[in-house]
Amino acid sequence: MKKLMNAPADFVDEMLDGLTAAYPASFVRDGESRRVIRRAEGARQGKVGVVSGGGSGHLPLFTGYVGKGLLDSCSIGNVFEGPTVDSCIEAIKLADGGKGVLRLYGNYGGDRMNFDMAGEFLEDEIKTTTVLGTDDIASAGPNEMGKRRGVAGIIYAYKAAGAKAEDGASLEAVTEIAQRTVDATRTIGVALNPCLVPGAAQPSFTIGEDEIEMGMGIHGEPGIWRDKLKPADEVADEMVKRLLDDAPKGRGSRVSVLVNSLGATPLEELLIVYRRVASQLSAAGTQIVLPLVGHYATSMEMAGLSISLCFLDEEIEALLRKPAESPFWRVA
Amino acid sequence: MSAVDLAALAGAVTRAKARMATLEQELNVADSRLGDGDTGVMLARVIDAMAGIDYAAQPDIGAALSLMARKTATATGSSLGTLIATGLLTVGKRAKGEPSIAYADLGAHVAAVVEAMAARGGATLGDKTVLDILDALARGIAGLSDGKAVASAATDACRTTLAEFRERPCKIGRARMFAEKSIGMDDPGMLAVHELVLAIAGPAA
Amino acid sequence: MKKLMNAPADFVDEMLDGLTAAYPASFVRDGESRRVIRRAEGARQGKVGVVSGGGSGHLPLFTGYVGKGLLDSCSIGNVFEGPTVDSCIEAIKLADGGKGVLRLYGNYGGDRMNFDMAGEFLEDEIKTTTVLGTDDIASAGPNEMGKRRGVAGIIYAYKAAGAKAEDGASLEAVTEIAQRTVDATRTIGVALNPCLVPGAAQPSFTIGEDEIEMGMGIHGEPGIWRDKLKPADEVADEMVKRLLDDAPKGRGSRVSVLVNSLGATPLEELLIVYRRVASQLSAAGTQIVLPLVGHYATSMEMAGLSISLCFLDEEIEALLRKPAESPFWRVA
Amino acid sequence: MSAVDLAALAGAVTRAKARMATLEQELNVADSRLGDGDTGVMLARVIDAMAGIDYAAQPDIGAALSLMARKTATATGSSLGTLIATGLLTVGKRAKGEPSIAYADLGAHVAAVVEAMAARGGATLGDKTVLDILDALARGIAGLSDGKAVASAATDACRTTLAEFRERPCKIGRARMFAEKSIGMDDPGMLAVHELVLAIAGPAA
């Protein structure tokens, strides 16, 4: 596993320097910790702030979704580690427009503890709420939804909450739609090859030259099964079935689909899988709107992909269609 | 010696850092079986940051521990790192202004750490985490005031608890889905405490 | 090397089915060969057509740049093979709006022969011109510019020619700006790991676990040197130096930069490299406008990246800033 | 037998297809040294397509060759494949309506193929491509009308030319930058012709 990088300890800071150099009109690096990215134009007074954060190594997640109609700011941890409490405090402050701030991030221990502490530090200053991304159906059973990890599907909650906040909604309303969108979203991933945390001696897992692992987490957390590589259609069918079997009660027939590369898996393969997902969903009487195919939430050079379904209600669909503007996700 | 003073604290950090040379990889391997494989990388970085502190220059043991907490919190936002920061800050506050911590009080301090960590992380005893080994440690050394006795009670408590929990399933965190698969494996956080306590207390025991 | 695919022989067709399923508003698959992608709205009467084509395995290149302000249609070959003559004929016909068609594609033997033949077949029907992408400075010396291979930098010519055609310019003017943009563009790549052509028994090249190859082509054609992996800054510095040393005579001080993943190399590494490229260019008195960082021209799961510089004149810069609309490159 | 008829053509394709079982990989390896490593994959596919033709059902040898050209052009747009299609179409047109091609005329047909390929691909003799080996072949068999003589002249010409050009630099295509590095290596297109001529003419020689 080779990386084009300099000193491993500089990986995250140099990546952030590159991000702001490439997109100066979108992103500003801020905070004493230097581990916050916020919108170039700053927080808008009178708007609810939407903040996320998490470990590095998942670009465009999380930082890349700072932008109009999406996030206001984002705290950034080391590769695959939660953001520090200082960076969380700074991200919340930088997102504050006087109407409160929603903390919207993936359900991981470190992230949760640090965002919680940040909220406690700021409780006299800024009203905050929390919604956790919990879309990974492979990480806990349906009876323990709240314990599921957050993966690629969180971007639907970014989009819905971001659009709602842009509309001038209250913190309660923004929080409610974020939670509703998380509740309506399901993701499952399949991994083909591991990635290497910069500086680590070995990849976080090993896998045979002809094996895949269903349900593996975005940091290489163990999945549901490991077996020989199968045809793409067979893999896609199983993933769709698992997602539909886990669908929220009383769901409608409209979904958005995200077929997301974990990093090394190329667009050709994503499209081959998307084609099958689309035909399976349509066979199941489900209508796809606003599909997304590409690199939306990665694990550096990990090979594999994830499929997310966001089961739409009228409001979520309308919010997903509203304008959003980041270099990595644009809705016109 | 009947208390942990700044020099003893510095010595403990030095021994922990030396142990990390090989422990880093062992912890990564343990974490990659159950989690994301980074416990060692993170802990090595945290202990490096602690080793950078000039302990002799600190006004008191409480201040030193609080500074260790601060350094830890700046170095990482990982679960274990954040819990360590929480624990250090807890004892730092309890020992504020004191020149040292008496061995006899150590157990109570560790019990307070367990309580603070449980409050912060939401886990409970029995979940197979650092909490369980720290809890056993607190109970094992409670009230002991002799250095050798503390050291041997500490290592005994860690050894027994690690072995006991090895045969139990993980109940929190990333290994949750695989509770049964985790049987027979050490929790990386518990393993870290076990190895570091042995490295620090070993010479004294 | 593992791939999520079905039968290797179906790789390209299933990929194209996925492409049109995911982006029905942008792409239509057309032609008896079924190997043409054209704009959903069809050719515009009275507009010069801009056609490209090439082998599969480089998405978003070439097909993904069909869209308003870019290409009108694209013929698609098997993985790493030129498009067939039939698909080239069909692509040209489908781009024809009565004002002639520019054939704009990479300088490879098979592509050239087939586009040439297609032009000959159609010579009584449609006026065609040719501009070849020749931006890869590692593939031939400056004394043999015309023999260089075409790689990622061709997208600048797509953009300039596409915008010019949209403005209603003549075939001659569109051809001229395409050639001028090619002449102003330089690319060099570095490869870290190979890719596998679907169905092939082995990757097209092998490379040591700690080696990189400078100047390697997008199909694995041999490069300039192979050596131990070096720090990203050192690699970037050499690439920038080679590009600047090869810069067109009388160039201005404004450039657009494209830092492009060959496939598996993640955005984090692209940004680390971009950061260094930007600082080196600025140290060389060059001003970057309109930078691009991401997956623009890949070789499936090949690891590595390429850096392209497009040396701007006033007209090229103005054309790059005009609106363009494809799922993979949008300028508003 | 003094001519190539439909049955002979079918037989030649069958022998070529059999040879591809192992030649495919050999050509890929040769091409990966100098080019993009796909000559074998492509050629195997093309010859497969040719093997799918019902030769006995074709009206004449010219029609059969033109159909082979069409199948090739539909199967690939690669350099070599396109040149093969060009060559087949050239002979197909020249032999239109004929039941067979006399051995005595074969050399002239191959010479016409070389000319057509050069015009299409822009390479010249001496560049170390298929052109050079086909040119040598055309000259070697020119005027010979005996089957055995044709076969042995063909294999001789191919052998000598491949060996001779091995020591010369590539002048076109993807190996251009590495002209000197290509010394000592076989051009994959030449190698393909060499091996297939041996496979087809071998039994006859």
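Labels for the chains are A, B, C and D, by order of writing; each one numbers its residues from 1.
Heads up, the rule we're going with is that a residue touches a chain if its C-beta (ideal position, glycine included) is under 8 Å from a C-beta of that chain, and two chains touch if they have at least 3 such contacts.
Computed from a predicted model, the values in this text were never measured in an experiment.
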| item | value |
| --- | --- |
| Each chain counted as touching chain B and chain D at once | none |
| Fewest touching-chain hops separating chain B from chain C | 2 |
| Inter-chain centre distance, chain C versus chain D - centres from mean C-alpha coordinates, in Å | 32 |
| Between chain A and chain D, centroid-to-centroid distance (C-alpha), Å | 55 |
| Interchain centroid distance [CA atoms averaged], chain A/chain C, Å | 30 |
| In chain C, residues with contacts to at least two other chains | none |
| Chain-level touch network, classified as line, ring, star, complete or other | line |
| Interchain contacts, given as pairs of chains that touch | A-B, A-C, C-D |
| Contact footprint of chain C on chain D as seen in their complex | 25, 28, 32-38, 41-42, 73-83, 86, 120-122, 172-178, 181 |
| Residues of chain C touching chain A in the complex | 2-7, 11, 14-19, 21-22, 56-57, 59-60, 64, 190, 192-193, 209-210, 212, 229, 231-233, 235, 263-275, 278-279, 291, 293-295, 298, 300-301, 303, 305, 330, 332 |
| Residue numbers on chain C that touch chain D, as the complex places them | 33, 55, 77-78, 80-88, 108-114, 116-117, 138-141, 144, 147, 149, 197, 199-202, 204-205, 215, 217, 219-222, 224 |
